[in-house]
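In what follows, a structure is listed as structure tokens, so that the remarks can point back to it.
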Amino acid sequence: MDGDELTLSVHGSIGRGSFAREVSLDVVAGVPVGLVGPNGSGKSTLLHTVAGLERMRSGSVVLDGTVVDDGSTFLEPGERRCVVMFQDLRLFPDMSVERNVEFGPRCHGAPRAEARDRAVAALDAVGAAHLASRMPGTLSGGEKQRVALARALVTNPRVILLDEPFAAVDSDSRPALRELLAAALSAPGLHAVVVSHDPEDLRGLASVTVSFA
Amino acid sequence: MTAVVAVPVAPTRPWQRRRAALARNGALVAGAAVMSWLVNARTDLSGFLGHWLAFSLAMPVLALLSSVRSGRNVATDSFSAALVTVASLAAAVPLFSIARTVWQNGSKAFYSSYLTTDMRITSSSDPLNMGGVLHAVSGTLVMVALATIISVPLGVMSALYIVEMKGRFAGVVRFLTQAMSGVPSIVAGLFVYATVVIFFTGFSAWAGALAYVILMLPTVSRTSEEVLRLVPDELRAASYALGASQARTTFRVVLPTIASGLLTAAILGIARVAGETAPLILTASYFVATSTNLNEPMASLPIYIFSNLGLGDSNAITRAWGGSLVLLVLVLVLFVSARVLSARLRRKRL
Amino acid sequence: MSTAESLEPRHITVRRPVVDRVFRTVISSGALLSLVVLALIAGFLLYRGLEIFRDFGFGFITGEKWDIGNPEDTSTAVLGIGAMLVGSVLTAFIAVVIALPFAMAAALFIEYYSPRRLRTVLTSVLDFAAAIPSVIYGIWGYAVLLPLVESWSKGIERNLDFIPFIDVPSEIFGRSPFLAGLLLSLMILPIITSVAREVYGQAPRDLVDASYALGSTKWGAIRNVVLPFGRSGLVGGTMLGLGRALGETVAVYLTLNLVFDVNFRILASAGGNVASLIATKFGEATPYELKGLMAAGLVLFAVTLAVNLLATVVVNRSRRVA
């Protein structure tokens, strides 16, 4: 740990039971890191730990020079500005697309009008503005993926964690989505981690690839 | 070289009920019916019950006789199958009798104004085309509504405490709420009498509603707990990962997802209390006019039935049956809507 | 969350956001309220009935007589719920004895014998039966079951009067413990059935299949696998039904003749239970008698709570095993 102000570092042991792993990972802002490893190798556990959905067993998560989890200190997920795009996307089924995207800004205290403006802008940025009033259940896999990306980016996160971003997308829509993601991940000051079981998925997205076994 | 001779074989379908078994069951039922008819013609037994009794005895006996050649195990098997079938169908017989009796006797009380008038100026022994059940229906609805407004939030809260918060006393709360569901309704009434009625309001709609609350709470909280467990943790994690607080996650993500389940919980709670008589004797008492004053005694369907029954006059008893019919229909409506709603929740497949 | 020592790099210790602390406090107090209510019920009934327990001691439980004597002078009153307690236990016992075999049969039929379509119908009918108000069971029991039971009772007594429980010297049948017990059995049948159905449905499929594979008949599989597996759950469900039967008021009030004598002759028109005692005497009770009713309510509360707690433990354990 050299106190680098723009590094996300995870050192120590994570997970419980059969998912327990020792990890040591540093992610520099602006340099997306790809994680490749077979199913069950603890990739998702790592993402959950960084996002604050699980706690470190020992060791620490340090984000931009601030300890967010080291056993005695624990920053709630809401305070970390660290979003996850889950493999199964997890759009809220009873909210419209726009409501889904508004949800993050509202959580961080934005007034309704501002949240709506930001949601519209974010949807526009991923080319999904026309979907705003649809319900998630009516969307195709690629459309859902765009909405999930908008929902993640709209909060201006410091860290974005993508879990198998191509899992639910048919092969035709992959190139366009890949381009979109590549642009999104290179935003200045953003730490990005992309996880996949297939190294091919990370092509063009991750500058550094780490193998996770 | 040996020639391979293909013998065409019809494919067997072991998963289909074999026709022989079906025929055998049909023959059994027919045989038992004939026997029961013979027995009824020769003995004192008669009527539906007589036929049913003879049929129920004949079925297992015939099943045993018809299979006794196939050995002891098979005979026991078919004997017990017949016994189980007959006994479980017998369990449903009284229910049909209840429905039929309530319908037959209750419909006699239904004159055109039965649902729109009360007993303010009518005595129970007056002709049936005078007076009605309006005060009882409205009283039940008012007290049930009051009780629902209080008990649903409380019940959902204890479910949230157990499932969402996983509080330190979650186990204790869960255990005692379950135990509370067994508190006899008259004890709930007695408690409200000893506290609210004596010290505050006297016999009143409020007191009745509070007795309802005690009885509704366990049902509401248990059902809410069950539906809360249907919400996948993935959805909660997604909300937390977007920076939501636990409160926001609960109110904006979890509860809306199971809205119909919570409605089911409320309805089951209402169905639990809508027919309760004993606690109301001690709390809301009875009143002959339609009333919305919560500080006064208030009529209700069960007490309307109960008090008319106590009068003993034949018109009063017919009124009691009329009230029973209204109450039974009310409970049926609640029951069916709870079914429909929970089926809808299940279809959503969270 | 404790404060961390100051280390490199800098630490911040966060507590939960304010909304969440408010949220958790509100939820906790709402949840604990139901426990408070339970404690209050016991406390208040005890408080109101204390004088009775002091005056009569254990005799309140065992005494047969309920006589307020001179209403002006409480020392002439003799209050005891012995006869009513016996009545409660007797009717509930009859109810369980009758309901249990039918509930087992219904549960087995629904889970293992019934065609699929009949299964949903039967389940719905039985669930609805649990929701039918007790006053409707009561009025039906009075109007339909009473004449039937009266004529059955005559026949049974004529042929079996050498059995002490059955013999009725007075030849008055009518509103007897048998009638009340039979009616209660109909009311608790759906409760026992639904618990039994649940535990029978959870019987390990592989053991059932294994038993078929070894050449067992369906009944063989049920007897050797399903019934032993479901035994403790069935006991729990039966106790839930027992608790309901012990506490039932209106249906018993309408079908049982209130007499303050211990009566074990199940066909005789005499009996009572604690709950219907309260409903009967409540209307014109003197203040002192009212305290007696509160004390009776407390005894009923304690008995049913004990039965239900035990039942809950048993049912939960059988679920855990499954």
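Going in written order, the chains are labelled A, B and C, and every chain counts its residues from 1.
Please note the rule applied: a contact is a pair of C-beta atoms (placed from the backbone, for glycine too) under 8 Å apart; a residue touches a chain by one contact, two chains touch by 3 or more.
Being a predicted model, the structure only gives us computed values, none of them experimental.
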item	value
Most widely separated chain from chain C, with each centre as the mean of CA atoms	A
B-C compared against A-B, more contacting pairs	B-C
Centre-of-Cα separation between chain C and chain A, whole angstrom	54
Mean-CA-position distance for chain C and chain B (Å)	16
Inter-centroid spacing, chain B versus chain A (mean Cα positions, whole Å)	48
Where chain C touches two or more other chains, by residue	16-17
Touching two or more other chains - residues of chain B	245, 248
Residues of chain A engaged with two or more neighbouring chains	76, 78-79
Chain A-facing residues of chain B, complex	234-235, 237-245, 248, 252-253, 256-257, 259, 348
Residues on chain B engaged by chain C in the complex (per definition of touch)	49, 73-74, 76-77, 80-81, 83-92, 94-95, 97-98, 101-102, 105, 153-154, 157-158, 160-162, 164-165, 167, 169, 172-173, 175-188, 190-191, 194-195, 214, 217-218, 221, 245-248, 250, 271-272, 274-278, 281-282, 302, 305-306, 309, 320-321, 324, 327-328, 331-332, 334-335, 339
Residues of chain C touching chain B in the complex	16-17, 19-20, 22-24, 26-28, 30-35, 37-38, 40-41, 44-45, 47-48, 101-103, 105-110, 113-114, 122, 124-129, 131-137, 139-140, 142-144, 148, 186, 189, 193, 216-220, 222, 240, 243-244, 246-250, 254, 275, 278-279, 282, 293-294, 297, 300-301, 304-305, 307-309, 311-312
Residue ranges of chain A touching chain B (in the complex, touch as defined)	48, 51-53, 76-84, 86, 88, 90, 92-95, 103-104, 106-108, 151-152, 155
